[in-house]
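Two complexes follow with chain A in common, the first pairing it with chain B and the second with chain C.
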Partner chain A sequence: MIERTPILNAVTHTVLGVGLLVMCFPLAIAFVAATLPYEAVIDVPMTLIPGSELLENAARAWERGEFATQGVNSVVMTLGILFGKVACASLTAFAVCYFNFRFRMLAFWLIFITLMLPLEVRIVPTYEVAGNALLPLQQLLEVLWLTDLVAWLAGVEVALEWNLLDTYWGLTLPLFASATATFLFRQFFLTIPEELAEAAKMDGAGPLRFFFQILLPLSKTNIAALSVIMFVFGWNQYLWPLLITTEPDMRTLVMGLENLIPSEDELPEWNVAMAGTLMVMLPPIVVVLVLQRWFVRGLLGGEK
Partner chain B sequence: MANVSLQRVRKSFGTTEVIHGIDIEIGDGEFAVIVGPSGCGKSTLLRMIAGLEAVTAGEVAIGDRVVNDLEPKERDVAMVFQNYGLYPHMTAFQNISYALRIARRPKAEIRERVERVSRILGIEDLLARKPSQLSGGQRQRVAMGRAIIREPDVFLFDEPLSNLDAKLRSQMRVEIKRLHDDLKATSIFVTHDQVEAMTMADRLVVMNQGVVEQTGTPRQVYRRPGSTYVAGFIGAPAMNLLPATLCDDGAAVEGRGIARTALPNGAGPDRSGRRVMLGVRPEHLAVVADGSEGLLSARLLYAEDLGASRLLHCAVGDDELIVHTQDETGDRPGDTLRLAADPANLHLFDADSGRRLEVAGGG
Partner chain C sequence: MIKRVLFRNRLLPYLLILPEVLIVFVFFYWPSAKALFWSFTLEPPFGGVAQWVGLDNFRELFSSPEYYESAGITLIFAFWTTLISMGLALLLAIFVDRVLRGLVVYRTVLMWPYAVAAPAAAVAFQFIFQPGVGFFAFLNDIWPGIWDPNIVGADAMAMVIVAASWKSITYNFIFFLAGLQAIPRTFVEAAALDGAGPTRRFVTIVFPLLSPTFFFLLVINVTDSFTEGFGIINVMTQGGPGGATNILVYKIYQDGFVGLDLSGSSAQSVVLMALVVALTFVQFKWIERRIHYAE
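What follows is the complex of A and B.
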């Protein structure tokens, strides 16, 4: 639709501009602070002209925040969550879309409803399960009297335990399930013509072959789009890693930032804290910039 | 190669039965066309033969095997889909060879067979392209290649030409038929297009609302339609059907606007006064000079010029009627035409059931 509306254009641009300022001003402050020497950053009011000590500040932040270890942890956690989510969601959506089992719609709606239960809401039970990931299985066995049966037959007490605290599994596994991603995959699978599945069936492809050789290659853009969202989501995890890790060498970058924030009895070195913040912000920004073309394409659902 | 036999086949979706007991025998190497309007169950029937749809009751056999419970890949059938069903992310070569690659055939054999098939279909130069880079007709050929390469017992075609433009459609029609003559594999072709049905079939199966109305060669079905439904469906423009009454103890027929006409072989005496539908094909009606004896008189509504011939749309009372003629007459809309037909070309149908009455000679 092409219309000439100069006044409306001006208004929209003003709104956009204001929004941009509101969004970018804190970032600009952080950037400026990160480039200033300590003496300049504690001036009130702080200058808005960038200094020249960005690299020095960054180096000190890297040192002080133990970014080397935490960086590895962050990357492992983020990629773990990313792959876990894509694998889980695509397989779930495949099951919901292509298999006609009893309670299929019920299963789908149960998954969908978990949108209303983000991690923050169920953090206590999730933590309990993470303490022993096999706890639900153990309880199931107990309900079914199977533990007693084994104890009676073999004389061994069944006590399943798999502690996820302070492990990479603990950082990632509880975040694998994703209703959003499942829904996105489902919507995409629904647009794939049924004939494709039938043609594959006629060609002798089993369900898994169809999934890996036809559905997944067709979902490329979709997966790319999802990866962008999930990368940012995984990278920014704070509450869960805070809870599940106690060892310093299992901490992630986002948690590590806390170390950089000056406490009462330290020098208020905000320039170092801001340099650290900038570094931590960088990976998601890079991912979004690099993949944004795919991101838009995937969400709009176009092949070309 | 194999024959295909359906016995008392039924199909229900939930509580709705869409196919009400169908028996069809298709001989080895035959080209059978199942024709009917959309929603008559013809595609469902084909999908049951393919194994994409479960058979509710009855028996589907290919060759000597009952295949009701076999997976599609175990039935040795190949299918060409309406929208081709090509894998968009694979090249034509990969599409055609997919079944062989799944079956883990040696690379050299795959290459050799793809080349042979693509030579038959004239798509050797397109093998490296993806479906999105192919035209409709080329996609059609790739889809056929995917079916042919498996050298199946039975080919199934699910309205494969309906997405092509008219010119390409008639061209592909000939090609598929020629291909069948070469390969000699049993083929079942589903279509709603009666021209495709007439031109391609060795055996024609006319379906309507989940039952088979009539089977036979195209010629038989055209010459002796078994019901008013088949009469209206096969042949274009459709057969004219006019209400009439038997008289003279069933030896003649008359009706409003229809002169008393003797039938070549009369019916029994109980048939006098029986209400019937009189059928006569547009191409069997001829305009005759005023005053001469004719079957009926009709008022010309308008004439369509097709170039080689003309279609005269006429009215007989409240009923419409079409005459397909090659004569150049100078008639104007509103004129009254005298129409004649050879009594051998008249068809009689029961007015209530629509079934054919074996009174008028048609064969």
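What follows is the complex of A and C.
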């Protein structure tokens, strides 16, 4: 800072103070509402002084929203996505950086271009594939007349099917691929000193041993940064789980929130809804705040 | 780019890339190709043989007033969300860049909205903006009927724009702050010595140096508001009232899943995909340039 005039300092802190208020406003209101009894939450104008019923409201939201089941689903989905993304991305980046093979750049670009195909623009056909993940293979075989060949040779109808709807695989597997994570790992591997691979080779380590015992341990900080971003990404998934789950006990917390919004013909128990919302918001907020340093690194690094 | 020291193995690299390439093929390219195919055919929703109709679906799409209405709504939504979110983020970043004391506190508090799921933010904002209860209900006590997002389209639009902007401020803020902190202090100090005031310094030095970040964020924000409004809209308004918040992404979902109009929905997907691809190319160009600068 160059000028240190009191006026400029005052302006700075005023603007920032207002900014903080604005950013905290929704959470603050949600929190106040979550602590109020029903009679107080429907009051107009709403009080801004917290009440004392936070735990009661939270308990009712927990029950009404079936948070126990949905919580398990959310955790499984989040950790599944996180692990899957890190595994897929690091393996691909390792292959692309440390091997020279045909289609190397093609594979990299194939993955990178998926950035351009967000789920939102290909909803319906992706749903069809989730209904049977082997459908592409089946249809390829049909086009090549291999199904007919098998039917003629062995007399067996070839019908490949792997239904992902309402399964944990369905919630996680389609989200394993990550252009951002692959790119991040590639950028990092490129900065690793050549001598390491050379030394490892000289000592007789194979590529897999090098990957698991040298490259991955060196990537710890990158994996941490990536994990924070992916945790938030996974936990907050909404559209995809919405599409592929129909059974209530496969829903995730973020989806279940909708059921807490009071509809027209029931008591507007917004205090319970807000308590539920707070609980659903909490895990990723905690992760981001506690691991703030990694979070910023991952976010900025992913775009480089 | 590749490492200088390489491993040699005929099969292994293919095995290593197999998982990701398979997933990408099955869940990205296959569905996208399918959407393209469906957009040129008339697809019966409950099975049966597809009929090739050429450009009919697109012709129908571009002659439907609802589509233009939805496109217009998307533009309004994208414009205001981007403007509000980037504007506030830039303002906050400039001031956070100035403070010496309390930097950590400010940064921490501005950080967490990124972690909030869009639907969760939407539920909170929906309560805040209810006409009968919640924070803004007092408006209706003073002037009855002045605010009702459940009935008035413009109110509903304002509500979803506020929620979506709030949600994306953090992302913009982090990038703006990183951009500002990367500007060499000596430039700004030299200008100050020459007598340039804070405004002048911002216009002639800081902003030009920040412009790569600015354009990058602009593209990201516009792309995101085309594709990521879904969670907020689905929770808060379901495209209503009377289609007032029916942005293109939501219309694709509605037409495809609720209306079971696979061909029409696919044609819309293809148009939106083309738009996103075009925008992403702009962004790639930018990334290319930035890497060039860095090396």
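Details
Going forward, the second predicted complex is superposed on the first by the 273 of 304 C-alpha atoms of A that agree within 3 Å, B and C clash if a C-alpha of one lies under 4 Å from a C-alpha of the other, contacts with A are read in each partner's own complex, and residues count from 1 in each chain.
Convention: a residue touches a chain if its C-beta (ideal position, glycine included) is under 8 Å from a C-beta of that chain, and two chains touch if they have at least 3 such contacts.
Worth saying up front: this structure is predicted, and the values here are computed from it rather than measured.
Once chain A is used to superpose the two complexes, chain B occupies space next to chain C without a clash.
Seen from the Cα centre of chain A, chain B and chain C lie 100° apart once the structures are superposed, a value rounded to the nearest 10. Of the two partner chains placed around the shared chain by superposition, chain C is the only one that A:V254 touches, whereas chain B remains out of contact.
Within the superposed three-chain model, A:A61 lies out of touch with both chain B and chain C [touch as defined at top].
Shared-chain residue A:K201: touches chain B and chain C both.
When the shared chain is aligned, chain C comes close enough to touch A:T114, but chain B does not.
Contact with neither chain B nor chain C is seen for A:I223 once the two complexes are overlaid on the shared chain. Contact with chain C, but none with chain B, is seen for A:P284 once the two complexes are overlaid on the shared chain.
Chain A is touched at more residues by one of its partners, and among chain B and chain C that partner is C. After superposing both complexes on chain A, the closest C-alpha pair between chain B and chain C lies 7 Å apart. Annotation: chain A residues 198, 201, 303 touch chain B in one complex and chain C in the other. Across the complex, chain C is touched by residues 1-3, 8, 12-13, 15-16, 19-20, 22-27, 29-30, 33, 41-46, 87-89, 91-92, 94-101, 104, 107, 110-111, 114-118, 120-129, 133, 135-136, 173-174, 176-177, 182, 189-190, 192, 194, 197-198, 201, 206-208, 210, 232, 235-236, 238-239, 242-243, 254-255, 257-258, 260-261, 268, 270, 273-274, 277, 280-281, 284-285, 287-289, 292, 295-296, 299-300, 303 of chain A. Across the complex, chain C meets chain A through its residues 1-9, 12-14, 16-17, 19-21, 23-32, 34-35, 38, 88, 91-92, 95-96, 98-100, 102, 106-121, 123-128, 130, 132-135, 137-138, 140-141, 166, 169, 171, 174-175, 178, 188-189, 192, 198, 216, 227-228, 230-231, 234-235, 249, 252-253, 256-257, 262, 265-266, 269, 272-273, 276-277, 280, 287.
Residues of chain A touching chain B in their complex: 193, 195-196, 198-205, 209, 214, 217-218, 303-304. Interface residues of chain B, counted against chain A in their complex, comprise 50-52, 71-73, 77-79, 81-89, 98-99, 102-103, 132, 146, 150.
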